[in-house]
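Here come two complexes built around subunit A, the first alongside subunit B, the second alongside subunit C.
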Partner chain A sequence: MKIIRIILLTLIIISNSGCSYIELNKLAIVSALGIDYKNNEYEITAQVMDVTRSEGNNVKQTSLIYEAKGQTIGKAIRNLSEKYPKTVYLGHLEIIILGKETAEKKVNDVFDYILRSPEVRATGNVLVNKEVTAKETLKPQNEKENSFATEQIKSSLENGTKRTGTVKLITFEEFLQDYLQKGIDPVIPLIKINKQSDSKTSNTIIANLAALKNNKIQKEMNSEESIAYNTINGNYYDVVITPKYKDKIIGIILFNPKTKIKTELKNNKVFTNINVIIETKLNEVNFKINPNDKKTHKELEKVIKQELKKYITSLINYCKETNTDVLGIENNIYRNNYKEYKKYKDSNFYENIKINIKTKIYRSGNTNKGAV
Partner chain B sequence: MLDKIIETMKKDFKNSPDIIFRKVKIKKKEILLIYNVTLTNSNNINEFILEKLTTLKKRITRKNIYNHLTNIIPENIIQDVENKNDLYTKIGSGFTIVIIENEKPFAIETRQDLSRGISEPLTEQSISGPKDAFTENYQTNIGLIRKRIKTNNLVIKEKTIGKQSKTKIAIFYMDNIIEPDLLKDVENRLDNIDIDAILDSTYIKEILEKEQSAFPTVMTTERPDNASLSLLEGKICIAAENSPYALIIPTFFSDLFHAAEDNYQSSINVTFTRIIRYTAFLLAIILPAFHVAITTYDHEAIPVTLLINFAAQREGVPFPLIAEALGLTLVFELLRESDIRMPHLSGTAISILGAIVLGDAAVAAGIVSPIMVIIIALSAISSLMFSNIGMVNAIRLWRIIFMLFASIAGIIGIFFASIILITHLSSLRTVSKPYLYPLIPLDKTFLKEVLIKNPITKESKRMKILTDKNYTRSNL
Partner chain C sequence: MNGKISSGQVFTTQICLIVALFPGLINILLLNISRNASILSVLIATIIGFIPVIITAFISTKITNKSLKDYMIEKLGFFGKILNLLLIIIAIIIIFINSWLTVDFIISQFLTRTSYYLITLIFFTITCWSINKGIETTSRTYFVLFIITVIIMISLWFCLISYVKLDNLKPYIDVTTNKVVKSSIIYLTYTTLPIIYILDLKHITNDKKNFKRKIITAYITASFIIITFLFLIISIYTIDLASILTYPVYSLFKKIQILGFIERIENFAAIQIIATSYIQISYLIYYLKENISKTLKLNKNKTNILTYLIGLLIPLISIYFFKNNNLNNFINILPYILSILLPILIILSIASIKKRES
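Moving on to the complex of A and B:
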């Protein structure tokens, strides 16, 4: 009886576990994946973290780049095994880069693969290169780095989100949430290769966003539009903007943005109010002002409001131009006014927009007088 | 006449050199003394017998000597000798036999104390608190408990168990606290023991632990203070002749996490130590299994930098991970076993050999990965935190079971093993009480005490599962 029990137990365990036994040193850990589409075939560029233990217990870590082709993404990834002897493992995939042509034609396919495949980790990041192929992006950019630095890109993406406000740290999971929701066009951060004039070295730059619509990555936003997008979505920690005050450039820190979007439906038209409440600090003022003076404060606040309004208006123009809805106004109507949603589904959401900005300068720095 | 007796006796003892026959002539009367020189104290013989006899003023007859001696020394020291067999037993227990011509022999106790003195506890050491431990001497052990609990409510019941050994067993309990059913149950079990010899109290422990489990359901202790505390909680202690360990019945699972030290430290510190002990228990059982699971099945659970590190360490190791883990566990057990058996002087050699040859060199040679050495060492050290050897061995067994399950099914396997462990523990009984009390059955008042030690001023109640009367400890 006891033996039967033990056999039954083992059977249950084995049937529950699957046969995914694989030792760590037999894994090809892919940290970055580039996806290109060329001649009706997918070209996969994978950066594999390769570790070797040399004599004297030193661990040598190198990143190798392998390429493979296939009719589908999954097939292409399997084909990697022809070149690299270990099992391809996507559980620690940090970054997926979409190349130029993929960004224009096959975006949906990529996200379908990520969504469907249980192997791919949901907390990686997606980046798009609109200028060159992913393969070129993944190549070592200068002699110093022996490979594409995944960790660096990840941290600069994080920093960019927090401190410059021009990109958005977004995981596959969060991205897919936006992607699958009705009435929101998701945005993707862009990656660029900046070729130096001597053409030997080049830098990787991560900046600005682009909207995704109709299986295609749309036009790139400029940095002002990106900041506007992040302000409305409350993504950053603090960001510097440089408006003009009395014909001189001053530095202002924006932080703690809170935005509410309200929609009203009247006469077959959508009226939208964007209410931004934001806190500001003085960062650089290169001429004499008295920051304790209420009048100067008012003036400065007015300048900040104007500047932000300019940014947001520019973003709205971007939306009109590319016919995208990155702010999710359609989604807003769908959620709040479901009964009338069908009637307004095809109207123009970005025609009647009112922007209200409230701001207050909380800090004027460590000095009242200034050094100038 | 006396010579004839000597001759037959010598034949019976097969000329053993330790049996001494001594003829003395006092007041023209020949007296024969028979004793075992190794078991008797010659001082006692001189003092109790020879000196008293020479100062006897009356005639030397059995009656006169008997009366004289009973007047000056405690009575139970002089005993009649019933037959030849009794005579031999008495010689064996350190009596001196006095034979006067033509009269019935009698025996006088002249026993020598053969046991070692009271020493410090060796296995349950503590920094503060009393430092005396039970010895092999039965009377001393009873005294060590009796001097701590002076009330007449402390009952000591004596039983003789063992067909050949005739070992004396003492059952201690507090008459005004103990639950009668528990006492009856324990006594019944002891009465039903039919065995050749009880050489140590652990024999009784094994007989009382009916259920087959690696976890100890009856605890042994060598500290009289621990035993006394248990008695006051309403438990039963059993001491056996020639054994320096007393048994505590019943022993709950949570008792194994309490050390002797706990009673003499401030409650806050004890609570913290107990949390560490529970963590150590989990680490000791699960850690190697968890490592096996996440590095062979559930790689997603490891952060990427650690993953690369692990992968690099595994590079070039020829065995599968589970073989590596089991091999290192075996090495550790070899070291531990040889360290226990070795005399202290060569112990250092083993530690050096273990640390340098088996640890460092094996890693350098690429036979094992360094992380595996760390994991097994951490888990082994955690298990050695428990003073109860039964607990350490139980952890060792379950650690291997967990590892095997993890190697079959990863983290799901660990879940299965945990379920088996929990069902096993909750099905155990210590004598007739549930082993996992106060968790199963749930007793909210004492559930806290598993982890948190209350200050003495707040420990006012006894556990209801152990006593149904007199459960107030203090009124502070």
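Moving on to the complex of A and C:
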């Protein structure tokens, strides 16, 4: 009896362990996926990690570009295997780049495929290229042999979010949350290819944000509007702004932004208060000032407030112009005034907005007086 | 081995009887029916659910050295036999649906290229084998699995707290009262009423005094687990995203990052989903085996064969059935079937009172 049990158990273990087994070197691990839609067909561009061992046992990481077409995204991805010998694996997908046509016409299809697939992780970042195709964006840049677009894009995206505040590191899941919620238009970071006129080389630039409304990518926000968006949503670590003080440009670091949006419903109108509390410090001053002086201190704070107000006003104008609600004011009413939501849902949310900014400079770097 | 189990093991089994269907089925039903108000509907259902729980606890005080089947027959005679038959049918239905949910979860998330039948055979052969080892061994397995589950679950809760956005819970009630009531009733029928099966453990429990208390504490603990998961799902994902996911609980695990670099632990975390399902299915197979073998007066060998028959046949038919039929059609009638457990509980409690008066 014991022998029969052991044989049974061995059979179970053997048959179970062989279920979905594929050797690592037979897998094409996709790190970035470009999705274009042309002539009623999807064009998939997959950037595949290619890890090879070179001389001296050093591991060399390069990338390969796989391309295929299909009537659905899933079919196009399967078609990759027809051309290339390896099995495409999407479990390590880090970046999804949507071409303009895909972002405007087929964004739902992309969501559907990624949500359904148990292999794809929804924690990959989403980007849109409004100018060229996703395929062109993913092709190795600068004619460098070892160019690895995914890493460059990912680090640019991270730096852009944390250091310049002009983009937002948005995962597919976060994007989908905003997309599905009532009364909020999601934003998406844009990616551009900057071709040099003197040579064949080009750079990939992650630049600013754009709103998505009714499946259409709206015009690009400028960097001030993007900073305002990220300030209100508390997305960055610290960013530098350059307001004018006494007709000269100074560098100010903004950090730790905290914003509350409050809406009041009165006489069929929506009144919104955007209350921003932000910490600031001096970054660069090219003329003599004494930041410890009370008067200077107050003047500097006023300058920062005005500059930030200018940014936020610019963002509000963007929303008015594109008829989008990237700040989610409608969503705010839906959440906090649910009973009155139906009455106010078609109101002009960006008509009566008051911006209140509280800021305090409490650091001036490693010098109080400055070098100038 | 004395064939007895501790009150801790009873506690474990009951929690799994309540929680098992939550990750694969109940959470999706609740989120789609009562949306943000799911937490409220579970709270209401938990409060109302105290009635059947207290009835169950009361009946448990009356059962001393008899199995649930024998107790029913003793109290109600032939009618008791009919009620017992109903309990058997409902247990079969719960195994039927949960075995499909478990196997489908395993295949859709981990073993995508494996046959449903192969997984069913492996999973349920082991289940039946462990059941045949006796209730003492099985309930110890339940206990160990539950301890592992609790440790994982609490660690995961701590990891997920940083993702919580309380604003996502608003508006707290975004559906009509009817929908809140509907989801409360569904929750009650799927989770609270099956606790009647725990009464079958009373006669083999070491600590009979604490049995009643364990029933109530297990119910409160299970409700707390379910409410916590619902809170995490809605506050992290927002109701709009959560309601379109097939496995919101499992999707939550995909977000977990420990110390900023340990990630992709969802498959490890999924142990708790599979463990609770295993415990529920395994206990119900045990209940059927005991019940049928005693009715047919089978010897040990025949009882062992009966376990394999029940434990393999029901899941295999379930796989065949749900591969050819939509689960949703079945789910619509399931609350009506499960609600039969409530009159059984009431009748049994009345019969218990009558005996006392006489």
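Operating definition for what follows: the second predicted complex is superposed on the first by the 337 of 372 C-alpha atoms of A that agree within 3 Å, B and C clash if a C-alpha of one lies under 4 Å from a C-alpha of the other, contacts with A are read in each partner's own complex, and residues count from 1 in each chain.
Quick note on the criterion: a contact is a pair of C-beta atoms (placed from the backbone, for glycine too) under 8 Å apart; a residue touches a chain by one contact, two chains touch by 3 or more.
Only a predicted model underlies this, so the values are computations on that prediction, with no experimental measurement involved.
Of the two partner chains, neither subunit B nor subunit C is touched by A:Tyr66. In the overlay built on the shared chain, the residue A:Arg121 is in contact with subunit B and with subunit C. When the two complexes are overlaid on their common chain A, residue A:Tyr338 makes contact with subunit C while staying clear of subunit B.
Which of subunit B and subunit C touches more residues of subunit A: that partner is B. Judged by the touch definition given at the top, the superposed model places A:Tyr236 against neither subunit B nor subunit C.
In the superposition on chain A, no contact is made by A:Tyr350 with either subunit B or subunit C. When the two complexes are overlaid on their common chain A, residue A:Gln181 makes contact with subunit C while staying clear of subunit B.
Common to the subunit B and subunit C contact sets on subunit A are residues 12, 16, 20, 121. Here subunit B touches subunit A in the complex through residues 295-297, 299-300, 304, 307-317, 320-321, 363-364, 366, 370, 405, 408-410, 412-413, 416, 420, going by the rule given at the top.
Residues 108-109, 111-114, 118, 122, 125, 167, 170-171, 173-174, 237-238, 240-241, 244-245, 251, 254-255 of subunit C are the ones touching subunit A in the complex. Interface residues of subunit A, counted against subunit B in their complex, comprise 9-10, 12-14, 16-17, 20-25, 27, 29, 31, 49, 51-53, 57, 59, 61, 89, 91-92, 94, 121.
Considering their complex, residues 8, 12, 15-16, 19-20, 115, 118, 121-123, 173, 176-177, 180-182, 334-336, 338 of subunit A touch subunit C.
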